[in-house]
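Just below sit the structures, each encoded as structure tokens.
In the two complexes that follow, subunit A is the common piece, with subunit B as its partner first and subunit C second.
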Partner chain A sequence: MFSLLQIAVRNVLRNKRRTAITLAALLIGVSVMVSIRGLLNGLQRSLVQNVVQGQTGALQIHRVGFLKNVLSSPLSLDMPQDAAFEAKLLAVKHVRAISPRILFAGMVNVADQTIFLGVQAVDPIREFKVVPLRAKTMEDKELFETGKVVDAMVVTEQLQTALKGSNVPKDAPAAILAPDKDGALSGENVTLTGVMKLNMPGEKKVGMLRLDVAQRLLKMEGRATEYIVAVDDIDNIAQVAADLKAALGPDYEVSMWDEIATFIKQAMTRQNFILSLVATVFLILMLLGVANTMLMSVLDRTREIGTMMAVGVRRSKILGLFLMEAATIGALGGVIGGGVGALIVLVLHARGISITFPGSNVPFTIQPYVTPTYLASIVAIAGLGALVFAAYPAWRASRLRPVEALAGG
Partner chain B sequence: MALVQLSGIKKSYQLGKTEVVALKGVDLTIDKGEFTVVMGPSGSGKTTLLNIIGCLDRASAGSYKLDGEEIGHRDFNDLAEVRNRKIGFIFQNFNLIPVLDVVENIEFPCVIRGEDRKALRARTLKIAAEVGLTPYLKQKPDELSGGQRQRVAIARALVTEPQLVLADEPTANLDSTTADQIIDLMLKLNREHGVTFLFSTHDPRVMEHARRVVRIHDGVMEDGTDAAAHEAGRMHAALGH
Partner chain C sequence: MLFRTTLLALTTVLLLPSPAFADPTADELLKKYDAVMGPENFLATIQMTAHRDDGTTRTYKMTVLKKGSEKFRLGFAEPAAVRGQEMLRQGDNLWVYMPNLKRAVRLANRDSFQGGDFNNADVLRVNYQADYTAKVVVDPTRADAWQLELHAKTKDAAYDMIKLWMRKSDSQPVKGEYYTASGKMLRMAEFTEFKVYSGLMRPGKISMKNMLATQRYSTMSWDSMDTHVDPPSGKFVLDDLGK
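Right after this comes the complex of A and B.
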């Protein structure tokens, strides 16, 4: 005994060459879509890791208004840097580590040269716990980290290049100048101990100081302008942000990494948009192949359709038969293409792809991946898309007049 | 008792800008159990007439009663139902479904109307045996000879237990021996089951066995009970044409 679905499946297998060509188109299209999605997923995950573990931390805590006025170094919008305040932060669930910072703008003077710079003052040991990738981008980080050179300052390659005009020797004495918390110009001697590489585009002339040096310089002992926060699972950050906000009260704002590094979020949105565009074009091309196959099938089988109508098959069932055939091809192509795509992604995941961003000189490895949900959705889209694109040929078949169909159209 | 009653049936087509009148007012009555042949030259309108009687097409004007019911103006789905329940078709080109085997092809019209599978299978096997298809039940149409394919078509036409079987040139694509066997088979089914057969054919052997031959020419029925044509058929057969 048989059903309309069985007839549909047999019809799909009937013209093997034609079905194989259509399936090949679907296979290539779907597997390329899956591979590109996998690559982009890997790339975006690396981007996020790079920014979260190399620069921003998962979350940042500031006084309300600090971020809006960050360019004018609003040192008055500061917060305590003491055990009581930190205990409050560490008590929040899923907070793994915290580290205080002071951000300010100033000038560095070496020999007879003075250059403007942005300064991040950090507690090295705690900083590297929250943003461990940052340590990897730093030469001689031990000098900085261990405090052997108390007034050590590490600068970016761009700042070093700008200073080279004055032939800066290694461990050169320098002075850092900045207005302190009360607005009076203040200075501290520092030693240029090393160079850090940029791990993200955007930064230019930046120096990194130990927190205690900056606190002395700015007259901010026991104060900080921000805390960076590491969480145990990046997927939890919205909840952790809300909990921190609740613990700190209305004077503080808690920002997620993508609110700080907005350019990353924008880049990812752009990438996803372009991928969707490419995927849509691929999908349409594939499905036009299905539509063409179905149209040829209808033309080839006109007399057969007439026979079915003659023995009493209703128009709706003729329509259903051709739609089922298209959906079978679509789903089959989706499953095979999805499988091949997933395999490609798995291989690339195992091998890893090394890549360096323009504007950055730190290579990192991306590991492509796709989610089962994406795979399932791509199979569903191929099947449903085939249905949509087969609608016209199937409708045409169902609207044939029995007499004309029996005469071969 | 009248099974088919046509009165004043007209059919015209639009062929480009010209209107072609295929039937110009046909009156025809076919009684239950008849074995009737419609004959006429190409373009005479006999296929159009069979299409209208088979509910594959609708008349432009006139009345068509099948088994006492006016069906000339029913919609597509209603006509599909009428074809499925009351009419069996045997085509010149056999018109089997290539992806179905012999049993499935025979059962197809009953499966689509959702008939009980067990009772259907028993009836199918009985009919298959009657038309000599028992050894070929699992074969696909392309594994069968022309005669065997036409037997499948006959079995498919009969499995629904129709009131009327329409056969459009059923022997045209068969060699003479096979054609004879097919004609004998249809005669036997007509005799034993009382199924009404209506043929369109040029085959004198079919005409020889017809109890009634009606002629159509230029869309006009020439005679309802044509003994002369019957005789002509006999003569043709005797002369070995």
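Right after this comes the complex of A and C.
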């Protein structure tokens, strides 16, 4: 067996040009596959981070039915926002931070202009402990955070432009209007302290309001409609979700980030599907190259095969020899290609790639990476694939008739 | 000669529909609707009850003052949460005065009126003749009423399309269906409790059913309506709100 491998390696090295061309095909194919996977990994990790640390938190707590009815009655399914309730949440293991929110639809008015918007009312300090990346999207966050402006509100740039497009003085009074908990129209003065950018594509006319102002506006003192939860390790979230649910009882539902931002999960599934399609095409093209080389090799070496048979080498050995040669080239190409791919990914990882999603205006950096498991599997696939695709040429070689082969086929 | 004249006269009489039995035109029906639902001037006390998805209800009491086709002023008396709120219409403009803000904020016609199932234009803009083009269509299921199909002339109209039924006996509105431009039904209204208010016979109550959130509906009933008022124009300016 070992001698067979030795001969195979020697044969591979004998025709240097042919081997080099085959290796080049394998190298390009494998390294491109590794690079694309690396880019996609980086992109997906960034997406998840942006959502978890910039929007949703790892987990969210609502009253049962809230998510289904959020459009028709977002305020009636509410929960306490007090120390006792929060202690219950914080007592759950691996919960790092929590923050209450109220989500509602309303209107913002500046100087005889009234525009609809979606409002997230948040705790101005704790919100950024749970979703720290969100702070990056805000200008003048301090004004919002410190309470120096007691009725601070920030809106998206798009909304700001719509509101202040027509020569509105900077200090024009602003107000927010919304139906309160009972449906009666209610209004509160607000101060627009700055703008926030969108870090994800989505609704453009949105605002962020201090929770206490919203509670006054909606007549919901001491109430919230949502708690966002940060966990100490994202891999624990299923366990933490179960523990929170047990602690809160049947009136509450606990959702993981990917159940809230379902579009992210769908996008990732779609990306992975497309990647595996592209990878399969690459792999087949690459392996057809290997098969072609082997077939050429068999035709070239007819006389050699005849000689081997004449001196008593068995047909199975001939078959084995050619398979071994293919596997050697496959494995070699896989290792080199994987190495080059990994190197490209490492360089990109160190440099980082800055991209901005269409519909968003906060650039973020993606850092490509691949897992050792993926690298190992791609090398194995290249080797085994070469073996499979070399089966026919090898079989052809083993079926040659010694006399004809010696005569030069 | 005499024979020919007589024949001509007879034919003319036969061919011309008799005015007493003529079907009203769409414009005549719209005019009737406006006259009944939004008389030129009036002072009315109205109650609206909003029935919400969770089974709770909330009742609002208000007075509405109207002058001409363009000016409305509405003040809420109950519940306490909205006491002191006032609404003002001047032509296409609509504002709500919030007592705690001490100023008026512009509102859109199609916003929900106090979280119920009427919109602001339903309550504060009754001028179908100005807002819609209408045609009479045949409704085979109802022999007792004319059906009108109304299409909005302007974006400020309460709805893009309305189907309105007015009964043949006295041309009173009995039913309305309100649609989006794409033909989706948003609301359905029934007009009931016909009464005479200072000489004007009209529906005393409208039930507006929400066709999107089907658990929800709102009713509006007129406790009184005086059409013999002549309010001063000074009541219908922004500066007068809150006073």
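We adopt the following convention: the second predicted complex is superposed on the first by the 396 of 409 C-alpha atoms of A that agree within 3 Å, B and C clash if a C-alpha of one lies under 4 Å from a C-alpha of the other, contacts with A are read in each partner's own complex, and residues count from 1 in each chain.
Please note the rule applied: a contact is a pair of C-beta atoms (placed from the backbone, for glycine too) under 8 Å apart; a residue touches a chain by one contact, two chains touch by 3 or more.
Every value quoted in this text rests on a predicted model; they were computed, and no experiment measured them.
Asks: Consider subunit A as the common anchor and indicate whether subunit B and subunit C clash or fit when overlaid.
Replies: They fit side by side.
Asks: Of the partners subunit B and subunit C, which touch A:Arg401 in the superposed model: first, second, both, neither?
Replies: A:Arg401: touches subunit B, not subunit C.
Asks: In the combined three-chain superposition, what is the angle centred on subunit A between subunit B and subunit C, taking C-alpha centres, to the nearest 10 degrees?
Replies: 140
Asks: Which partner does A:Asp112 reach: the first (subunit B), the second (subunit C), both, or neither?
Replies: In the superposition, A:Asp112 touches subunit C alone.
Asks: Quick check on the superposed pair: does A:Gly183 touch subunit B, subunit C, both, or neither? Answer first, second, both or neither.
Replies: second
Asks: Return first, second, both or neither, reflecting whether A:Arg14 touches subunit B, subunit C, both chains, or no partner chain.
Replies: First partner only, subunit B.
Asks: State whether A:Lys219 touches subunit B only (first), subunit C only (second), both chains, or neither.
Replies: Touch status of A:Lys219: second partner only.
Asks: Between subunit B and subunit C, whom does A:Ala175 touch in the aligned arrangement: first, second, both, or neither?
Replies: second
Asks: Have a look at where A:Gly312 lands relative to subunit B and subunit C in the superposition and call it first, second, both or neither.
Replies: In the superposition, A:Gly312 touches subunit B alone.
Asks: Between subunit B and subunit C, what is the tightest CA to CA spacing in Å in the combined model?
Replies: 76
Asks: Please output the residues of subunit A touching subunit C within their complex, sorted ascending.
Replies: Against subunit C, subunit A makes touches at 69, 72-73, 76, 107, 109, 112-114, 173, 175, 177, 179-180, 182-189, 219.
Asks: Quick one: in the complex, what on subunit A touches subunit B?
Replies: Within the complex, subunit A touches subunit B at residues 1-3, 7, 10-11, 14, 303-304, 306-315, 317, 401-403, 406.
Asks: Help me check something: in the complex, which residues belonging to subunit C touch subunit A?
Replies: Touch list, subunit C to subunit A: 50, 52-54, 56, 58, 60, 79, 81-82, 85, 96, 98, 100-101, 103, 105-108, 111-112, 114-116, 213.
Asks: In the complex formed with subunit A, which residues of subunit B make contact?
Replies: Result: residues 51, 54, 56-57, 76-77, 80-81, 83-85, 89, 91, 93, 95-100, 104, 107-109, 111-113, 117, 121, 156 of subunit B touch subunit A.
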